[in-house]
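You will see chain A twice below: alongside chain B first, and alongside chain C after that.
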Partner chain A sequence: MDLNLDAPHSMGTTIIGVTYNGGVVLGADSRTSTGMYVANRASDKITQLTDNVYVCRSGSAADSQVVSDYVRYFLHQHTIQQGQPATVKVSANLIRMLAYNNKNMLQTGLIVGGWDKYEGGKIYGIPLGGTVVEQPFAIGGSGSSYLYGFFDQAWKEDMTKEEAEQLVVKAVSLAIARDGASGGVVRTVIINSEGVTRNFYPGDKLQLWHEELEPQNSLLDILNAAGPEPMAM
Partner chain B sequence: MSQSAVDVPPKGGFSFDLCKRNDMLTQKGLKAPSFLKTGTTIVGLIFKDGVILGADTRATEGPIVADKNCEKIHYMAPNIYCCGAGTAADTEAVTDMVSSQLRLHRYQTSRDSRVITALTLLKKHLFSYQGHVSAALVLGGVDITGPHLHTIYPHGSTDTLPFATMGSGSLAAMSVFEAKYKEGLTRDEGIQLVAEAICSGIFNDLGSGSNVDICVITKGNKEYLRNYMEPNPRTYVSSKGYSFTKKTEVLLTKITPLLERVEITEVGEAMEE
Partner chain C sequence: MTFTIQIENGTEVRNAEADSQRTLYPYVTGTSVVAIKYKDGILMASDMGGSYGSTLRYKNVERMKAIGKHSLLGASGEISDFQEILRYLDELTLNDNMWDDGNSLGPKEVHNYLTRVMYNRRNKFNPLWNTLVLGGVKNGEKYLGMVSMIGVSFEDNHVATGFGNHLARPILRDEWREDLSFEEGVKLLEKCMRVLLYRDRSAINKLQIAKMTEEGVTVSEPYSLKTFWEFKAFTNPTVGAEGSWLYDN
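On to the complex of A and B.
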């Protein structure tokens, strides 16, 4: 089977952004793939733009890194000029300007989330093509296909911080179970008026879903568990 | 060949006009020459006191080994080294270019170079060429903020990892790292693990071979261990020596220095206006 190690790095990915009463929770998996090889099994797809605004990256790894680097730089200048922290809407707009004006050359879907004192917690989805959509929750990446129905049923307004984070972790974990291009660990970032909290959920600590096996360290353990060794003469 | 000059874009930089011509020719049935890649195993890991980089030494031209003992660990700064996989010309050129940019930056800022500076210069260059500069790099060094290890891919994306492998032998080497790496390795343990990973690439990947090069970078010190291990020595050497047929004339061996000795005369007094 051809691994195609020359393929550009893409983050198959599952990315999620959810608002709750008081802020936002952003979540992502950690798999970066080159063709069929996992180039980085512990990548961090939730990147900081300012103290109070973060972005989840999906699609081409190079394109999303470059876009977020530029926007971080623009926002830094903007913050100095304004004399106060940048708002989430401005951050989303800057990303959108780059994504829309370079739509022929970029292949990256982003979810911007943060908290500011004017609007509180906000999530903006910026898919391929460069539209900006302000949403109570947003999902993106290849793994998101498996989550549309889940969110229709499970999301509700005015969740608490704990409920929102558990929802995000559950959703990423479900997507990891079904999507080959998502995997590794679940990372979450909670942003509210008090600040930013980063959390980390290792893959083997996540809940097991339908037909999933317990994580094992070695194939030998599985084979030996099947039965005792036959008696030797 | 072509009489007209190729148009240079007004802002300078690479002109992609010939790429359109190449596309047209391939559509008409011309087989493009294949790229010369260095099938390679390059690795890096972070240990207790710094960073260890490792590489094999085989350079290939298709099925032929072009260089049995090439150097894949490139100097970037006194405290930063970079292993390169992919097209040999691209890795050499891009590491040399960024190495000089770093030196100029050091002169300007009067500070030691930082690894993230090298990282940003490399990733900007590679991204602007959209993957056509086929250089996959493992960049490692120790600066004032501590030890750092990064991988850089031809399209310009980067990852920051405690251990990393690249090149055609990367899967073989990564299997060794995933099985045996732990945090807080000592210098000797780290070197042994890197050598083991490169050997795994040398013996299991056809594009990698010959010897193991290692570079250990710690705070304020670096050790470039060229040919640290030579697991593929030439085993048969004829005891009778090699004799040439009668018609071959061995001429006198004479070495002529090209530069004459330069005499420096003491200058009398400094010039004055």
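On to the complex of A and C.
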């Protein structure tokens, strides 16, 4: 087996979690690939664990789904026992338990985000291996490689809800432009004290980046439009 | 744990238990930890980086944590395993407190416990992928020791993990003394950390220094070191080079 310690397994997807002054915004692309084929071009990678805690999934679709399902089940029981909503920290720790204790078998990186009355909006990154890192913002998946520089420059503390969501949409869109394993639409989930809002940004609603062209219905529309101007002398 | 037994006709029989449990490679790793004994106790330094392969992914990871009242544990290697070790130690200190007999775990005891844990995991071919540095002061006695992922365990006046072994220890061998003051100790550690910053690709410029004395254990706020780049050979590298038109006069 080739023990290349410097090259972690790359994972399809771009996932992002960002805190703002009042809650969190989670974002993801929607491409699920089997090798080179796009098995699902509109998947929902932001999965609900409880009313107030969601998780962004990356890596193996099967592994991330089964981990989410177990944690949703545990959290459901936990909520009944506690008599109140589960905290984001507890949700993150349950994910960590499964991720760490099964590190030899699982191939999934997750970002847990939510809001609870004790700590407000919180984001926890749980990469391969089962390390838990609480962060003001987290990025994950293969598309995230293209976003480290972007976030180093564009991130700031205490953004408004609108600023945070715009940042997330812009970032996922930039990653989709360059990462073959990311694509489709941008989905966001905003969680705060008031509740949860899901948003959907199809490809044609996004800003165009370098060397991207305005989509057309047909070449014929271009040809039938005004002809080229004669050169001025 | 699984055992695969080869029977004569070539059939494999596998134990009913879970799949082969062996940690093969680390994912999120911390780099060097450097520590020295000084006049009043122990000083330990580490940066706050968590690398993911060659990417400097996490830049706010605390790789040194206080254990009980008397000890400090610094770790390099896989961060998830370090987090698990902290949980084991939480359980250990909790049970120790439950005796409610006024006694508390000292660095010697914690080091011994960690050595047993690391060595036993190594024997099962499922190591905790860390090199640990354990320091502390109890009843006036200074203690500084190290445990590796294969269970190698020892004490010394100065220790370092990873790259620190190659870059920091020679400096310490040359400049360490029994009666270093706090200021001299910090300067010495910073000298080591600066070299590591220059020469270790996985080092980042954000570090903490921890102090252990009879009074207790404190970890400093994160800070950054100044670096020097103004050598003539750096600013004008091609001067005097073979075949160049520029001469070093």
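In the analysis below, the second predicted complex is superposed on the first by the 204 of 233 C-alpha atoms of A that agree within 3 Å, B and C clash if a C-alpha of one lies under 4 Å from a C-alpha of the other, contacts with A are read in each partner's own complex, and residues count from 1 in each chain.
Definition applied: a residue touches a chain if its C-beta (ideal position, glycine included) is under 8 Å from a C-beta of that chain, and two chains touch if they have at least 3 such contacts.
Every value quoted in this text rests on a predicted model; they were computed, and no experiment measured them.
Chemist: For A:V25, select first, second, both or neither according to whether it touches chain B, chain C, the two together, or no partner.
Modeler: neither
Chemist: So, does A:Y148 touch the first partner chain B, the second partner chain C, both, or neither?
Modeler: Only chain C; A:Y148 stays clear of chain B.
Chemist: Who does A:C56 touch here: chain B (first), chain C (second), both, or neither?
Modeler: So A:C56 meets neither chain B nor chain C here.
Chemist: Between chain B and chain C, whom does A:I191 touch in the aligned arrangement: first, second, both, or neither?
Modeler: Neither partner.
Chemist: If we overlay the two complexes on their shared chain A, which of chain B and chain C does A:T34 touch? Say first, second, both or neither.
Modeler: first
Chemist: Quick check for you: in the superposed arrangement, does A:L94 touch first (chain B), second (chain C), both or neither?
Modeler: So A:L94 meets neither chain B nor chain C here.
Chemist: Let me test your reading of the model: by the given contact rule, A:V66 touches which partner, first (chain B), second (chain C), both or neither?
Modeler: first
Chemist: By the touch definition at the top of the document, which applies to A:P127: first (chain B), second (chain C), both, or neither?
Modeler: After superposition on chain A, A:P127 lies in contact with chain C alone.
Chemist: Show me the chain A residues, by the header's touch rule, that chain B contacts in one structure and chain C contacts in the other.
Modeler: 3, 5-6, 8
Chemist: Please name which positions on chain C make contact with chain A in the complex.
Modeler: Touching chain A from chain C are residues 19-28, 50, 52-55, 57-58, 60-61, 78-80, 83-84.
Chemist: Within their complex, state which residues of chain A touch chain C.
Modeler: Where chain A meets chain C, its residues are 1, 3, 5-8, 100, 103-105, 125, 127-133, 135, 145, 148.
Chemist: In the complex of these two chains, what residues of chain A are touching chain B?
Modeler: Contact set of chain A toward chain B: 3, 5-6, 8-9, 32, 34, 37, 39-40, 42-43, 60-62, 65-66.
Chemist: Quick one: in the complex, what on chain B touches chain A?
Modeler: Residues in contact with chain A: 123, 127, 131, 134, 151, 153-159, 161, 168, 170-171.
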